[in-house]
Structures are given as C-alpha cells and as structure tokens.
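Take a look at these structures.
You will see two complexes here that share chain A, one where it goes with chain B and one where it goes with chain C.
Now for the complex of A and B:
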C-alpha cells in the first residue's frame, strides 16, 4: 500500500489512520472497559490506584482465570461446560481428603489433576461419540462431580499440610510489590493456552470446528480428537483451578464454588468470545475475569453497595456484550 | 390374535413406556427396602404417607418442568427458572411482611398475584431476547440466571425474610380433598396446559416452531408471538414453583431458593421423552419425569444412603436417559445386540426413525 503513495507516510499518519482488525474489537472494548473502571475507581478511591491492587486482582481471581481459559476452548468449538464449578468443588475436596489421609502433597495434586482430566474426557466422549448435547452431558458432569464431592465428605475439611500451606503463601517480590505463585500459574496457563490456540494445529482446528464443524470434518481436520480434547482441557483447567482455589481458601467443602461456572462463562463472554463458537481469544477471557474482579473490588471499596450488586452488574454486562455481539454478527451476515 | 399383538406392540412402542417402567422399578426398590413404603393412612382428614409426600414434593419441579416442556418444544431452553423462582419468593414474602395485616387472606392473594405478574414480565423479557433479538436461548436466559439471584437479594435486601401468613403457607402444606394443595395446583396447571395445547392448534404450532422456525413463519405461523408466549408461560410456572417452595419454609433465602431447579426440570422433561432438539413434547411424560425425580429424592434416604448423594444418582439418570435417546448410541447397541435379522427389519427400524429425524431437524 505504501508503495502506491508518493511520499512515505509519516509515523503520525500511520498512527492516525490505524484501525485495528475487526477481530480484535471485542478485546479492545473489554480492555477499554477495564481501564475505564480502574480509572474511575482510582479517581474516586485513593487506595485503588496502587499497583498492588492490580496484582491482588490477579491473586484473588487466579482460579477464575484458569477456569476461564478452559471454558474458552470449549466455547470456541461452540460447546459449553457447566460442570466446572462442581469439578472445582470436587478438586478442593479430593485435595483436602487425601492430605488428611496423609498422602504426599504432590501425589494429592496429581490425583486432583487426573480426576478432572478423566471427567473431562468422559464428557467429551459422550458429546462426540454419542451425539449428546454439550449442555446436557456437562450437566451430568455437574451432578456427578457434586455427588462425588458429597460422597467423599459432607462436612468441610480444612487443609493444614505444611507443604501445601507454604505453597499457598509463597510470594515473589517485585520491588515493593508481591505476587503469589497462584497468580503466576494462572498467567502461565493463559500464555500456554494463547500459544496453543494461535500457533498449533490443535488450536487452529478448535477455531475451525467453531466456525463450521461439517466443513472442518470435510477438510480432513481431526474433529473427533479436537472436540474431545477441548473437554479434556476444560476438565484439566477446572481441576487446576480447583487446586488454586484450595490454596486460596485452604479447605475442601462440598458447598464450594456453587455457580462458579456462571462466572467463568460470563468472563469468557465479556472477554469477547462468541458463544456460537469460532471467534475469541484467551487473553479476552483474562480481561473478562479482571473486569469482574475490578467490579468486585470497586464494590468492596465503596462499602455502601451490597455484594449482590456484583451479580446484577455481571448480568447487565453480559447482556450488553451479548446484544452487541448479536448485532455485530447480524450485520456481517 | 392380531388385535392382541397390535395392542402389545402399541404398549411396547408407547413413548411413556420407559419413563413409567423406570418409575415402577424405583418404587419396587423402595418397597423391597421398606415394605411399608406404599402405606397411606388417613389422619385429621388428610392422607399421609410416603406417596403423598412424593406427590407434594414433586409440585415445584413439575410446575417448572411444564413451562420448560413448552420452551424446549420450541427448540429453546430456559436456564433462568431457578432465579425467577427466587425472585417470586422474594417479592411475595416482602409484600406480605410489608402489608398492614400480615396474616390476612387478601394480603396473601395480593402478594401472590404481584409476584406472578413480576414473573410473567421476567419471562417475557427472556422471550424478547430470544424472539426479537434472536439471541440463542441458552445465552439469553443465562443473563437472567446470573442477575436473577442478585435481583432477588436486592428485593429482600440480602436478608432471609420470614413470613407469618397461614394462607400463604397453605400453598405448600395445605390439603384440599385429602390431597396436598401444592400437588393439586401442579395438576391444575398440567390440565390447563394439556387442554390448551392438545385441544387447540397451539401445541401443533409450538411443535412447528420447534421443528423449523423459519418454515413455520413462512407458513403463516406467528413464530415470534409463540416463542414470546412460551417464555412468559415458563416464567409464570417458575414463579408458582418459587411461591410453593417459599411457602414450604415460610421464608425466602435468595441464595438457595430453587437452586438447580432448572436442572431438575430439564431432567424431568428429558426423562419424559421430550427431545431437547425441539419439535415434539409430551406433557404426560413431564408429569412422570417430575414424579420420578421426587421419588428418587425420597428413595435415596429410604434405602439408607445419605441424601446428599442424590446428585450422583441424578448424574447416572441423565447419562442413561441421554444414551437411550441418542440415535447414535441406539445404533451402536442395536448392532451389538442383534447383528443377524436384517429381514425382520420394519418393526425395529421404523421406531427410531422419527427420533432420528427429530434430532437432526
């Protein structure tokens, strides 16, 4: 394009005429929303402009970030995973129970991750090989995981294994600020997932299935492997999120994480991923979680608003994003 | 001779065969575990017993499931019913507490009416998102599912509101003609829905919209109005269920009222043989499904398992029902079971064909 113009465009011209590709618009909208909320909050409440608040946002929502990553994979293929909240509860319970029984923490972590992955695999197989709708198959997963949690123990079990608790409170100092390991794990998950989606054959197949499953099949892509794979990833992520949640809350309880799947879905949608599949980014889900987190922080900073406003505002944001998505896709088609 | 075979075949092919059979098996398990399970006795002019309890406890799920049946028949789904139930309970309870005479009949009637109107409006909101804006049902109703419990808490100001109105609590614990009032309400709604959908063209129109909204619109069916009505009706049913649940405890807890009732209702609908792909529905099946879920909830403590493990059994039921309904799973099992008779084909192959068509449509 620049070859056609007589004089090469100045840097300013290039900045001025720059329009981001359409596929990044939802991401930019979410980022703008986050910055806007943070800016408004920073102006109204003194303590909020502290960068440590931003880092705490990552620490407090580490489990939700990981959950959002897994959910993004599933939603990109046009599916949905309702079981993640229950899998989180199951993971905290398995961790707490095995540690109480005196297992090595590493063995316990492995058991948790394996359970989540196997549950995801089972749901994926049901969905792909028996043509059961993702919604209903993961509903079975929701009941199954919650039932297993109750089967292990009806009462809450606290975690006081020294290795586990030291892991929970282990911090990394960056100058004056500190980060917990859980946040670093969450960010690493996002990075790995972003790489997989953007740069690997598996990731591109995920997008292809979300765009049109029949076309993906006719193109000879590995639809079965990928479709089962996304539920395996979601199950693994839910188990990992469960571990992070256990580290955060240091107990296993069958009443943990009720409705957390809704938060994860909301974060993914607010992050700009199309619920019909095929479009979206993991980074968007990260931003979506941060938006939900900053709303929570703002409400707790304010002090006069009750916590139930979080749910109402989440619903309103969800509505706004869904309606905008709807009109955006309608115009294109 | 031929007449008996056709009758047997008709029974064998009847869509309600499997749900009823499952229910019978469940009841038999109970009777084996505790022979007195089916005993019903008369006391203070009411019937008492496990069976009566099951009927009473099935009312909320049955109400929600009736609305859900019609929604699913239009190829939709309503995830917000639990939240709407919580809102109904919250609105009614705060109205009763705020009224001048808390225990009066008029207070209860006004509060219930008010709550139900709110629920119809909420249902219509879902219908608006689905039919006018064209948002996928699962997402459109997810919005209210997320926000609804917050709204319900905003109504009760985050408190557990306790009410003291005998007429309101009769909704759950009252008896009319020796039967629980809650069950009779559910039965009345079932009868009303059945007459409205099966004695008029409405049921066929709903199924037409479920099979192909665009084609039915071109054929002159007001698909948009029907979808809208169906969601408003689902909201109304959810509201009634919420009122029954709130009346049962005489209080409303916005966090727990009707928690996961949407999943139970969907389960009841699916057990009843209504296809999640839309296009056909069975109200009688939903009735059996709701009774099945209530019986399951009663069975588990009855055979000596902690009631929390209910979820595990529900998971097994969901998977079993889905596998039974899945054409692909049927094909797999059929091939395994009967590899030899290709000639005796017509009877077994004719039966799954509509199911396949229904799911693919």
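Now for the complex of A and C:
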C-alpha cells in the first residue's frame, strides 16, 4: 500500500492536506450550511444559540425527517415518490377517525401503518412490473390517498385519545433540556435507515440500482424485490410521519400536508442526494430537513419577514445545491 | 484442405479423457419470425480459451445469452459437468458457475471496487455486511489476479480498462467454472489487452473454461486454444486455433470466397486532393481540458484519417468540428465563410455530417424502424413542417438498403433487432441521405464484422472519389492507413503529426506516437 511508504508527516500536515472523499462533499456542504446558519442566527438573535432551539428543530420537524428517510430510499434508486404528502394526510385522518370510532389507539396505529405500507407496495408493484414511471404511478397515489382522505371525512376531526395526547406532550428531560418522543422516533428511524443502507445487502442493492439498474440485474442482484421494497419503505415512512404529524397537530384533516412531498424532496436534495440516484446518505436528508427548519426559525425570530420568504429561500437553496451537484458529478466523469 | 498435423500442446491430453465442463447441444432460439440460433452445439473444456467466432448476426451474442440465462432456449440441451440444466435467470446461471463479463462494463459506477466485486454475496456478520472482511477478500482476489487497485476506491475513479479487470475479478471471485468474456477488448489499448491476457492465462491455468469473443483476429490467435465458428445462427465448425489459418477462418466466418477481402485491399484509391478546394479550415481549434489548439484543413474528395489511441483527442476533435461541443479557441472557415459552430444544427446547415462512436447512445433509435432511422437527419434538416413525400421516402430507403446491403432488407424492421454492423450501415445511410459535403465518421466499424466492415470502407472510398470530404476515425490503425489520403496523428489531446499517406506503415505511426512519449518522459528521469 502506498500509505505505508509515505514518510511520517506531522499531524498538522495531515490535517492540512486532508481531503475528504468526493462522495462526502455534498454532505459536508450541507453540514457547513447548517452550522453557518445556526452560527449567524446565534449571533444576531439572542436565544437562538440555546441548544434547546436545536432540539426543538428536531421536535417540530420530526414528521418531515421520517418522510425524508423514506424519500431517500426511493430517490437513491433513481425514483421519486409524490404520494407521501397525501399519505400523511390520509394517516392523520385514519388515526382521527378510528379513534373517534373508539378503536384502541394501538389498533389505530397499526391500521395507519398498514395502509401506508400497502399503498407503497401497490405503487412499487405498478412501477416495477408494469414498468410505469415512478412520477406517474406515485402521482396517481397522491390523488388516490388525498381522495380517500376526503372520503373518510371532509371535516377536520380532532384527536382526544389520552394515549395519543400523553404521547404528544410527554417530554423526556436531558439535564436542562427536554425532547419529545416524536423526535426520538424520528432519530431512531434515521439510525435504522442509515444502517440498512450502509450495511445490508438490501441497502447496497438500492445504491446499485441507482448506479446502473441493468448492471444490477446482470450481477444477479434482487432488483425486483429491492425496487418494490423502497416504495414499501417510503409508504411505511409516510404513514409513520403521518402519525407523528397527528401527534404534532392532534387532528385529522384532509387539508393537512398539502405539498409536503415537495418539502421532503427538497430536504433530500439539499441533503446531497442525487436525483438521478446512486449517491447520497440518509444523514444528509436529516441535515436537509434541519436546514429548512432553521431557515423557518430564523425568519420567525426576525419577525419582520413574511413567511413566504421561507419558500423563496428554499427555492434558491435547492437550485444552488442542484447546480453544485452537477459540477461535482461532472468533475468525476 | 485439412492437413494432418501433430496435435499441438493444448490438446496434448487425449480428448477422450477430458470431459467438457459445459456442453450445449442442438440449441435453438427464435425471436418472432427470426431464427437467431438453429441447432447449434458447443463444447467448453476446462483450462481452455474457447473463441466464439462469427460475423455480426451470426448468433454469438444469442448463444452467450442462452448460456447466461438472459434468454430461454426453445429447444436443445445444456449440460454442466454431465448434469442437465435449464436457466431462466442470470442468477441461476451464475449459481451453476457461469460468470460473464460484457463489452460494456456491467458494474455500478457509484460503489467501491470491493463492493462491485462482492455485491450480492458480501460477507456478513450478524446480518450486517462486514466491510473489513469484504475489502480483505477483494484485495486477496485482486492480488491473486495481479490487478493493482485499491478495493476501497470508488469504481468510476478508474479508467474503463481497470473497470473491465474488476468485472473479471468479480466474475472469478465466485470460483467460476466458466468465464465468458464478450468483447472485453474493444475499448482497451494494447497494454491493457496484454494485462487482460495475463489474467486470462492465469485463470486458464487454474482450470477455468474461458469463452472469448473478439473481433480482433490477432487477439484470437494470441490467446485462444479452440474455436467454434457460427454463421447465420448455425454452427459451421469447431476447430483448434493452431490448425486453422487466418484466411481459412475468415472464409469459414463469412462463407463467401475472399472477394470481399480483395475489395478491402482496393478500398483506397489514393487521390491526391491536396490541391483541391479547401472545404473547411480549422485554425487553433481547441477546448479547455478537451483538446489543445489544433489546425486542420479538409479538402474536397479526400479522406483524412485520424490515428491515435483511446483518449488521444480524436473523438474530441470530431465533436468540435461538428459543433457537438463548443470550441473555446480558434476559428473555423467553411469555404470562405468564418463561423463559430454553436450546435450540431449549425454544422448540419453547412452540410457536415457526424456519425458518433457511441452507436447505441448517440445514433440508434432502437424502437423506430430502419426507414425512420434513416430519414431522421433529413427530416430534421427540412424541419417538421415539411414532411418527406411517401414516394421519396420509399425510394430513398430502398436505394440505401440496397447500396449498403443492409440486412434484413426490410425498411419496416425495428432497428434494435438489427446486428451491430447493419445498424452502423443504417446510420451511415442516415447521413448520406442528407448529401453532406463533409462526413465525419467516428469509429464506424467498431464491433462489426469483416463483411460489413469491407462494405463500409468501400463506400467511404467511393464517396471520397465522388468529391465528398471524409474524416475517418478508427482505433484500428490498419484500417485508417488503408483508407486515408492524409493522416493526422493525435496523442494526449493534441495533434502531433500530419502527413500525406504515401504507404505509411502501422509501425511508422506507432513510432510517431511512442517517440513523442519517449521525448516527454525523458526530462522526468
């Protein structure tokens, strides 16, 4: 190995000449952006440098983090899932309605998760076996899930179930700071997803399909299983995100989460995952969500800016990241 | 004329004592009305390199795909070590010990070398992939094959040749009994081919049966022990390489007498067009990181050959001349008009045609018919508001199918069902129909058989004789030398030599390229 023959350099030299592998660059860029925004905000506004703000970011965006995790799987294979926002709405509605009907909260949770997973499975099967473009298949899913939500109830149903409300408000104290269960579930989802993607055959096959699907098939990998699998995961994550959203907002409403799929896609892309598939990390998507969240927080701290600035800045960031990625990948090839 | 000879070394073991590891008997495969394989039998022996020979469309690819489980066979028997098998998926074939390396590297560019070698069979511990063990295993296999690559590096950081070797490393890591190499050498340079052969010999000596497909006869004679010759989906003969002369082999492959090859020799009429009108003059044409400033003049009725290794800038030059890439520096003069080419459309308006080296991605539209493919460029230059009259269409297409001997001679055949050689002829026709003044052909004969090659070369010579200016690019030096009136030699993204082709030999050109290399290396010493 060449590293063995290199004369021992000073620690400083190694730090100075250290270049992270190219594939981590987008991730590092997002991290730097987040730290930068947080730092600038901390200097401008008192109270923003409080670590509790950081934790609150996780709590307020728990559902979006989970949504981003599912979306990352899909995008890594080179696909897209437009249905997730509607599935979130459908999930809040199923939860609210079943609880109103007096179901056990656990049965209600199971029903929500099952619905999301089955929807994901159906879309996955459609995409793989009928060779329908993910965009179209999941667009159909978007309308279907939203329609089903209206079918259950056109009016908002509030959630009063004691198990749900206690889960929603229960806090876990870490010294002086507190965190809610929703944030812990979101982080756990990220951890599990990161492990699955990095260290299981299923996860590596996801990357392989994104890299070159026909190669993956010729290599004898389980392409069909994996391709359908990512939509199942995305459906499950959307349902779980729906539950977290229901806990956050404590109601089921057919107007919930309109356009949330686009927030999830934006977070994934800002997190450094290539829309063409094959490159990206679920941790990046977590960072992407946090970047979007901190922008929101900064604007609300400022108080003078209107909320539509959130959209404008998100748009600019998205564009910037796509362009940067374009350059990064062009340099490689 | 079979003369009896003493059997050479490769078959020193009496054949009766050796069991073929794979025997395919009476294999037939039909696609629609086309009989792609018709009762073909092949035997593969352990420890032998077996060349599969035949023109394009002879059935080599189909046969390989039958063996790798991509296609299911309609009739016939495949036995592996005496046991009957039927494959319905690539995975099943791989499990039976058959590994394949295709012409295009079929790996995933975004994962590491080690992952590419072990995807789908990674060592695991407690359900998780054991990355350390995976890298260790990959390194061991690479070392064993004498391939010097860091298993942790990402695949697309490496040149195609290395990726090809990694693909082989993946194939043999399963302890394959049979290794199929489908045109692995078509994009490699001589050094890289030698490296590949070293690996192949090592595997052969370990008892692997290797199936080798290549259009380069010299390579077949260097590495193969035995060959099976196919023609039009049928078995012609199984032969020992050492007992078959190249001439005989070509005769068996094309099944005609050698008139085609004669035609090949007469291909270059050697016009001295240097005095004619310059059609196009490029001065200092260049592009950052792509091509250093290059001068080039194209005259009427002349074939300019561009020689150089892969990556020497020959394709890049062609793309700049056509406006497929935009030049940063230099200027182009057409006849007497100075112009910048910002897009291929500008070039087409100036009657320049360019046939790309990447037939699949930049030429063929597989789902359209032969006729539609041929008329694409003409229709594009007329604009969509002026359709080509039906009668003209039929006339043009029929003319070119005949002139270029395209098979099947069916204008309504789907392009993707044609063999590589015939697809190339259709692409040539596409540009000829637009009646260009300058025709740029980038690797028009790559991966196609001798018959089609000869026809294309003859056509090129004919076109030049009629006054067209042709730029001919090919990795095969012999071909460039045979056809061109003037020769441009490229290396490291610049032009290093230009001369009139008065019997320039391959050796001369190689020395020009190598000499430049030596001069460059000297100061580093």
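Structure notes:
Heads up, the rule we're going with is that the second predicted complex is superposed on the first by the 326 of 333 C-alpha atoms of A that agree within 3 Å, B and C clash if a C-alpha of one lies under 4 Å from a C-alpha of the other, contacts with A are read in each partner's own complex, and residues count from 1 in each chain.
Keep in mind that, in the parts below, a residue touches a chain if its C-beta (ideal position, glycine included) is under 8 Å from a C-beta of that chain, and two chains touch if they have at least 3 such contacts.
A quick note: this is a predicted structure, and the numbers were derived from the prediction, not measured.
Contacts of A:221 after superposition on the shared chain: chain C is touched, whereas chain B is not. Of the two partner chains, neither chain B nor chain C is touched by A:44.
By the touch criterion defined above, A:210 reaches chain C but does not reach chain B. Of the two partner chains, chain C is the only one that A:279 touches; chain B does not reach it.
Of the two partner chains, chain B is the only one that A:147 touches; chain C does not reach it.
Of the two partner chains placed around the shared chain by superposition, chain C is the only one that A:201 touches, whereas chain B remains out of contact. With both complexes superposed, B is the one of chain B and chain C in contact with more chain A residues.
Contact residues on chain C toward chain A in their complex (touch as defined above): 70, 89-91, 94, 100, 102, 105-111, 115, 119-120, 122, 124, 127-129, 131, 150, 154, 156-157, 170. Contact residues on chain A toward chain C in their complex (touch as defined above): 1, 21-23, 195, 198-201, 204-205, 207-208, 210-212, 214-222, 278-279, 332-333. Per the touch definition, chain B reaches chain A in the complex via residues 77, 133-136, 138-140, 142-151, 153-154, 157-158, 254, 259, 263, 266-267, 270, 276, 306, 308-315, 318-319, 322-323, 326-329, 359.
The residues of chain A lying in touch with chain B in their complex are 80, 126, 129-133, 135-137, 139-144, 146-148, 150-151, 154, 254, 258-259, 262, 265-266, 269, 275-276, 306-312, 314-316, 318-319, 322-323, 326, 330.
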